[in-house]
């Protein structure tokens, strides 16, 4: 197998993983701080993508599109938090799952109502399009490389925010002891809304960034949502570090599995059967990975709460 | 002297630097009530958890009827005859009193794998359950929802569930907590008669009850047993006095 | 306010008489709708055993629904193409016989539930929800990529399968078969609820540590509940595939798992007939709202939201005036 292909696929896996991280970070923060499972997180991703496609179509500016994506998702997030989610913090997980499932239905159909069923297109801006030559003569799409860097930058900023700022201290305290931070005079309800908005903005951002390489359509959020759940379960619910490592693991496993498993199967099977069973196994690989992680550590790699 | 029903030998358990259980050896002999007292944070709950199998000791042994059960889990120890009541009532609040005791009866009969026969028409289970309820005086509350019981009645129900199991040894974690004077008096009288059936390891804060009931008392301070003896011995012990007064109680 | 028992009887009677009325008035589509509702109800009654009694929030019951569907699809596919399912080491042929298909669907679901349950019950809470969801997705993607049985396109069956002595091609006959199965399973559920197992399971949901101290293993109780639950949902899957004469990976999708949960919540958790009322309501909404607007899922979403936020006892709770709380 040529090295170039392997490196290319590793980069693809990283790019996929880092975009999953943007989704997973919000989910895991929201769960860690508020104890809430938010299925509607995928809808915020979709809202980001639609906002970006609309603004890019109107203004032609990709940067404005990204800002619009984050703003739209954050606003939707705040609205949802204040109207619905807030009532769910003290209820059980079943209610949370169902209420946020209901939100998915409302958001998806609402978006279909406004934009129709046909996909929108969001183009990669000219200055990021085309391939770039890496060390060793590998040609790789510039935009995907940009995604990796943007994702890493966000991860870094998030790390700084959590570990180095006053808000971060409050968020970390909120994970451990709600009464404590209330006693310290922090307005807990404002903090929750803020965390929710932050998570929503990240989801919106990744929706817009990924929307430029895939199509922007209703239902785009749910597959990513489920992968993001796999990520946070592997990483340990509530842990940002776990989300990053889980996201990269899932991204790499999925991408590399899809390419290499059929090849590996061809070593000892006839090509047709190898292709079928190889890709069948690859499509399940991340779930198998998750199964093994949970058997080994029932609360994920960096999780403590059951 | 006869063999103990339950014994711990040189039990140690620490959490990081904290020695929660430090070389604890206690015996529970047939027919006795052995009380464990000690100031808050002395390690009483940790000790109970190890005896019931929720925590594994770092070293030492636990024996039940001469069998080493140190490595057995909670389930195995319950089956081997440890009957436990919880400090904070662990009862199915959505269910009736009778249903809660029935659970004990199912456990006593060993098998929950019957799917068709309505439990309320199973006379064997029902008899076990009702007998236990009659003994603690809750039979009139049989169909009351557990969530509607008073605090004291829940304590009685806790004891009733343990009774159904006909255990070899009772482990009771603060059964008097929150009972009030009248309730304590009733329960004290009840436990007094119960010891003939199976010995009781009693963790309790209510000193009146302890002094009225205990055949022997062990005083636990900072994870260590500083004194074991009869009520008279403990009352006159200098070490105990210091430990308690030193802690400001 | 009506008592729950009377409500249960009323629901079953209505569910039975409407299609019979439709039969005499030549309204086959109503019969199909009713059959659809009955099968959804069956799947939900299955889920309710582990969700309502055992407190296990399984977000992966589509696994069993799909397994049942594919058991029917694969067996009938081989029967209609006259190809054996397997030749070595021994010959297995396809079949068009419903009872055989049901048996295969139930046994396969049982093994799947045992396997998934053993792994998933190592975890609890959110992790349990997520891992069951992941198993569902796993089978979903597997069914898409496994092209021997249609892959993404699914499998079509030309003629409905046979039941000895009954002409299943007549819609009302197939409805009656499904309805009888539903009644049997509801009765089974009612028995289980009152049995020693049901009581122990109910306690394992509320106070697992107490169940341990009376010498019973709460994990085993929950595992058995999960298996029973999976078997019933698997049977529902086989019937659903037979109703549509079609199976596809959609049966494995997480939306399917979500919908089965919705039936329960609409009706009321841990109610005997909650899932039935929920499924009937769902099918009626789907039919009537779907007829008015392409966007009927919005209304379903709003209704669901209102019920979760303001009527935690579901429709049964509203009608009987008694809410029930679960943790």
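Order as written gives the chain letters A, B and C; numbering starts at 1 within each chain.
Just so it is clear, contacts are C-beta pairs under 8 Å (C-beta built on N, C-alpha and C of every residue); 3 or more make two chains touch, one makes a residue touch a chain.
What you are looking at is a predicted structure, and each value in this text was computed from that prediction instead of being measured.
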item: Chain contact graph, described as a line, ring, star, complete graph or other shape; value: line
item: Maximum inter-chain contact count - chain pair; value: A-C
item: Approximate Å spacing (C-alpha centroids) for the pair subunit A, subunit C; value: 31
item: Centroid spacing, where centroids are CA-atom means, of subunit A and subunit B in whole angstrom; value: 50
item: Cα-centroid distance, subunit B relative to subunit C, in whole angstrom; value: 44
item: Subunit A partner contacts - residues on subunit C that touch it in the complex; value: 51, 57, 59, 119, 122-127, 129-131, 133-135, 137-138, 141-142, 144-148, 254, 258, 261-262, 265, 269, 295-298, 300-302, 304-305, 308-309, 312, 326-327
item: Of subunit A, residues touching subunit C in the complex; value: 31, 37, 84, 87-88, 92-95, 97-99, 101-106, 108-110, 112-113, 222, 226, 229-230, 233, 237, 276, 279-280, 282-284, 287-288, 290-291, 294-295, 298-300, 306
item: Complex contacts: residues of subunit B adjacent to subunit C; value: 52, 74-75, 78-79, 82-84, 86, 90-95, 99-100, 102-104, 106-108, 110-120, 122, 125, 161, 164-165
item: Complex interface listing, subunit C residues touching subunit B; value: 191-192, 194-203, 206-207, 209-217, 221, 224, 324-325
